[in-house]
Amino acid sequence: MRNQKKFFAVLFVFVMVLSLFAGCSPKTDVKDEYQTPTPALKDTIKMAVYSDFKSFDPYNSGMTLDKVVYTNIFDTLLRYYNGEFEKVLVTDYTVSEDGTVYTFKLKDNVKFHNGEKLTANDIVFSMERAKTSNQMANYTKSIAKVEAVDALTAKITLEKPYVPFLNAVASTVCIMNEKAVKAAGDQVNLKPVGTGPYTFVKWDAGAQVVLERFADYHGEKPQIKTATYVVLTNPETALIATQNKEIDLTYTIPSVAAEQIKKDGKLTLDLNPTMGSGYIVMNLEAPFINDVNFRKALAYATNREEIVAYGMDGIAEVSTHLYDEQTVGFTGEIHIPEYNVEKAKEFLAKTTYAGEVIPFKVGYENYKKIGIVYQEQLKKVGINISVELLEANTWVSDMKSGNYSMSTIVQTVDPDVALWSTILHSNAIGGYNFSRLDDEEVDTAFDTGASVLDPVQRKAAYAPIEKKLYEDVVVIPIYRRVVTACYNPSLSIERAFNNGFSAVQDMAWTK
Amino acid sequence: MKIHNLKVVYSADGQIVHAINNISLNMKKGETLGLVGETGAGKTTLALTLLKLLPKQNGRILEGSILFQGHDLIQATEADMRLIRGSQISMIFQDPMSSLNPVLTVGEQIAEAIKLHMDLPKDQVEKRVEDMLQLVGIMASRKNDYPHQFSGGMKQRVVIAIALACEPDLLLADEPTTALDVTIQAQILDMMQELKDKIQTSILLITHDLGIVAEFCDKVAIMYAGEIVEYGTAKDIYEGTFNHPYTEGLFGSIPNIYSTTERLNPIEGLMPDPTNLPSGCKFHPRCPKCMDICQSEQPLFYRNQEHAIQCHFYAHREVREE
Amino acid sequence: MYMARYIIKRLLLLLPILLGVSFIVFGIMSFTPGDPATEILGPMATKEQIAQLNEEMGMNDPFLVRYFRYVAEALTGDFGNSYRTQKPVFDEIFARFGITFRLGVMAICVAIMIGVPIGIVSAVKQYSWIDFTSTIIAMFFAAVPQFWLALMLVIFFSLQLQLLPSTFTGTITPQHFILPVLTLSLGTAASIIRLTRSNMLETIRQDYVRTARAKGASEGSIIFKHSLRNALLPVITVIGISFGYLMGGTVLVESIFGIPGLGSLTIASIRSKDIPQTTACILFLAFLNVFIMLTVDLLYAYIDPRVKARYAKGVKKRAS
Amino acid sequence: MQVQSPLLETRNLKKFFTTPSGRIHAVDDISLRINKGKTLGVVGESGCGKSTLGRTVLRLLEPDSGEIFFEGENILHIHKSEARKKLRDMQIIFQDPYASLNPRMTISDIILEPMKINRFLPTTKDLDDRVNELMQIVGLAPRLYNAYPHELDGGRRQRVGVARALSLTPKFIVCDEPVSALDVSIQAQILNLMMDLQDKLDLTYLFITHNLSVVKHISDEIMVMYLGQCIEWTISDELFRNPLHPYTKALLDAIPIPHLREPGFKRKSIKGELTSPIDPPPGCRFAVRCPYATEACSGKDIPLREVETNHKVACVLFDK
């Protein structure tokens, strides 16, 4: 009796454990994809990304990775690539003489994923929605009125000329369908419906996002049918999985492995430059740093090549500018001082600095590595810094409140000088103006520059900013962040955007 | 049961512990033999050796034979021993508190012995468990209770029930009452006496208490440092004229209830270290009658009928050499 | 009857524990730098917008006000929405918990299936080559970092032998679970081996085991009937603790194998100052752990009648 | 019998322990007196409260009520520092010499410790001499000065315990089963030592034991305890010659004596076991096991009364 009871108890546990295994077995067909070679040309792709997603509502996500995904789902009116505006949803667009009225002629054959046809009303809806979004407000606040002139013509009127409009709004605001948004209710972020080449299939939180090719896409039909973004936070395993062909592309690899990957040649490794600018950020109110000579000494003591090579394992592009020719309004006339130890010492001698230790606070492990290389460089000219790793939130909070002296950071700002005001304008002190730069000339340049229509005059209007940045050494630019895309050599990727990522429609299997 | 020239050693920390040195002992059926000795004399080792339950890691039987009903247990295989243990020879251990498995009911523990050795149907097993409990004076209804629900005396009754469940020919009782209070001890001893008469089992009673032996045993063996130094009937030991000096010392150490003694006459000194036993007679360093010969030569047994004393002192006395 | 009362008592005890845990988590999250509005609005938001959103969310109220509001809403079953995804917090937890639970149960089962038998063999054949080898292997697995072990397993089984998938991608097959379960279970198995061994050794020397031998019980019966149950008691505690730990999800293993588990959710929530999500995650874990420990205690009572008797008398054994 | 004033006296001493199941009456209304230089033996079976009595007398346990007089002074009422000085004159020897000696201290340190704590002697040399003297008194060889307890056998360890108790030149020593753990030959050696010391140093003993032959040998008077109460008290020889209380009779009857009995001898052993000392009802606590019990035994407490000269007993059989 007792024994029987025990026997059943053991049996029960055993069956439970078995069922756990059974629960994760596939229904029928899918046989170990990761090892069976596909005879025909592959039309699926799996891409590894380094962190989970947050939201696929384009106006409510600040995360690059979310954008990487929803770029495939949504179209914008235009697309900015390599200094040009490509027409995506429009056949043509015009700008009025005074730069306040933008008229867009829409393509005729565009369909949303829910079957709705794209009309000018969708543009009105999307622009109005963007205006109410906290995240977009900075750029859309210039919009006075959006009208549907006819079914395929939308007219956007600005209160005053705003030159970054095409960049910050026309190429940024994702066109959404009112009906679809209403249908999604409060789950817009989970049910994105756009006109893009891919439809949203599902998002398994923490695991993956699956996209499917949209049959009625208005543009050229992409080669890849199913695209999956897989969350793999560990770069080692992401690389192994790519080597193992479990995934086809990884946007994250251990930085030390880059050399080896290149040497092996079994995988293609692209280092896609981004708009992310990595630089030494300084609190202009901190002791010693408030002295321009001291900052110049720092600038002269900075060896960018070395920092990139050792502090970043070479996974970055050396850069001497906070923003460069890709950014509208960039002048390129003034440069940051070149590496020169003698000069550095010369300028240091002009200061009151006498070997005091200056804290160099960082919030991430990879920034710490940069800090350590930089510490060695500065020691050569006689400046002592101490690298302190803080908890990330604490670090950001310290940076905002000015409770720091030096640090390093990457800032990504969309490609128009006007947009850099968020980190350099005096009204951003306490926010992302970590330098605590409070310069009237700079403020005026930002305030007026955005409304200057003529490109040459515009450059002139923005010139004081670069002058201030580099002559007074407000920042010490080090590198341009790159995104590592490591993938199956049978895959061809046509191009990467300025965030370093590529759209699925630009990818294709060649073998 | 005939034990001949048994020698058992333990190895501990690289040293050899001579636990049992050349013991020879006979027991007849139905006889009760009291094995008396102090801590470390090797009493328990002897009992464990008889069941071949010495710790496997370090206990070893060096030589000798144990003839039990004509078979030599030393040669017996482990499987043979398993058949003998519990059915023909069983054992009661000293501490009833730890002798029972805390997670099994007492009924289960008694039934185990029965199932192992008696080919009985299930209901018969249960019946026998109940009978055994009643035999040792416990209500049969308590068979489903766990050991922690019993007091020390009751636990020892259960242990005895287990030991007697298969009516063994020989019962080894290793200090069965030492851990118990005197009134409980008296109850247990009385019960054992009754059972002995009922079942006709031979008993080897191991104890350090000469009082218990006096009440309970037909024959007595006095053990010292792994040897039996004196053997005889109870009468020989308690009322005989001659005794081994160690036996005399033991008696001298016990305060007498019925007469007033000002001072006890204990044996001086301590038990010898079993890793380094003295030469000659093992008792000589503590012996008040020690002679020169005692220091160098192992004494022989001097016998008078069944009474045997291992002592040089009696070499030329009335106890005749055999 | 007594047991039922005891279980109810223990479950009631959960309330103050959960309240305390929520208070501590809430406090820590509130007094560390960074604010949820920034997290919600993203890096491009202006100060004014952040301040406004904070005001809307009641983040400017005193801490206690916010805490009691949270508790009041929690009592109605509303634990809030994640700041990050805007989904109800328990949606996310349950979505993640399934895989963590499966992984944890499998890992603990494998650990037991490896640990207990080897521990027993080790003890029964003390100082044999089996004992020696298993002790060394157990020491090895107890000492190696999980991270390293996981990578070695991946490199060997996935990259070299091409036998098993290295990450949770594509259709999840049982093969996917093998490496993470191994990684998780080997360390636990090692401690189970060592504990089972030492407890078995101790139990085998007990008087009642000697009694069993004197009865003529077979070696198998001595090991399984008389020793194992007694020896397993402390092992069960360790299993319970390990299981509770595995339920929390092991961030490292989740990260390495790309498993969308509870651990990574908790860490992500903490990183992004997602107060409702973090609090809910930790409350959930606290609940699970108390629940597991309760199960362990009940198992104890099932195995050891002495413990059951103590419950019956109403004597508290220990606080948790 | 008592002409002189007693060295130690207790009046209505009570010590209860509270457990979840009720109050254990460990020492229930004990009044005793011991004259200087004499030994009072306390006998009883395990659980009768004799050890608790010994500890309560020394204030190692605080009594719940009652009074303790030492040299005529109530040590429960005097000032703390005063009490400490008094308590110096009262020492204890424990049952288990294995457990009561700190294994990490040398023999000399153990003997020295009470003197150091009480700043008994001014110089180190004096202390040293005293240790050597004590070791000589109890018969420990000087070579053991720096030995550790584990190097000694049980008898020598108990000698160390005696030396420690003697170090502060006490007048009164509680001996709590000092020889129970020892073999008979060693037991006799220690008993002899203790009696020699009593003569030499004029010590007074409260000798607690369950061994009746030992207690008879060493004591002048004997008190028999049953479940926290004293049930019989008389001069040592008298108790054995003429036991009155049925329990005492049973106890004496139960002792196996090392003499051959008459053939056909039958012991009159009592049935049953000690009942629970938790919240006992008023009346004779032995009544449930007593062959002579009548209705008169229950309902009210039975006081200890002197029924013959120097022979007190608590039993209704002797009511006149």
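Letters are used for the chains, namely A, B, C and D, taken in the order the chains are written, and counting of residues starts over at 1 for each.
Here is the rule we go by: a contact is a pair of C-beta atoms (placed from the backbone, for glycine too) under 8 Å apart; a residue touches a chain by one contact, two chains touch by 3 or more.
Quantities reported herein were computed from a predicted structural model and do not represent experimental measurements.
**Q** Pick the chain whose C-alpha centre of mass, unweighted, sits closest to the average of all protein C-alpha coordinates shown.
**A** That would be chain C.
**Q** Where the centre means the average of the CA atoms, what chain is farthest from chain D?
**A** Chain A.
**Q** Most contacts: which chain pair?
**A** A-C
**Q** Could you give the separation in Å between the centres of chain B and chain D, each centre being the mean of its C-alpha atoms?
**A** That gives a centre separation of 32 Å.
**Q** Would you mind pulling out the distance in Å between where the CA atoms of chain C average out and where those of chain D do?
**A** A distance of 53 Å separates the two centres.
**Q** Compute the distance, rounded to whole Å, between the mean C-alpha positions of chain A and chain D.
**A** 86
**Q** So, what's the distance in Å between the C-alpha centres of chain C and chain A?
**A** 36
**Q** Can you tell me which residues of chain A touch two or more of the remaining chains?
**A** If we look for residues of chain A contacting two or more partner chains, we find none.
**Q** Going by the contact rule set out above, which residues of chain C touch chain A in the complex?
**A** So the residues of chain C in touch with chain A come to 32-34, 38, 40-47, 49-50, 53, 84-87, 92, 95-96, 102, 105-106, 109, 151, 154-155, 158-159, 162, 165-177, 254-261, 264-265, 268, 271, 273.
**Q** Given the complex with chain C, which residues does chain A contribute to the contact?
**A** Residues 16-17, 20-21, 23-26, 30, 32-35, 46, 48, 51-52, 54-55, 60-63, 134-135, 137-138, 186, 189-190, 204-208, 228, 230-234, 236-238, 240-241, 243-244, 246-247, 391-394, 396-398, 422, 428, 430-432.
**Q** Spell out the part of chain D that touches chain B in their complex, as residue ranges.
**A** Answer in residue numbers: 45-46, 153-155, 183-189, 191-192, 195, 210, 212-214, 216-218, 237, 240, 250-261, 265, 267, 269-271, 273-274.
**Q** Note which residues of chain C are touching chain B in the complex, please.
**A** Against chain B, chain C makes touches at 126-127, 206-218, 221, 225-226, 229-230, 303-306, 309.
**Q** Considering only the defined contacts, which chain B positions touch chain D in the complex?
**A** Residues of chain B touching chain D: 38-39, 151, 153-154, 181-187, 189-190, 208-216, 234-235, 238-239, 249-258, 260-261, 263-268, 270-271.
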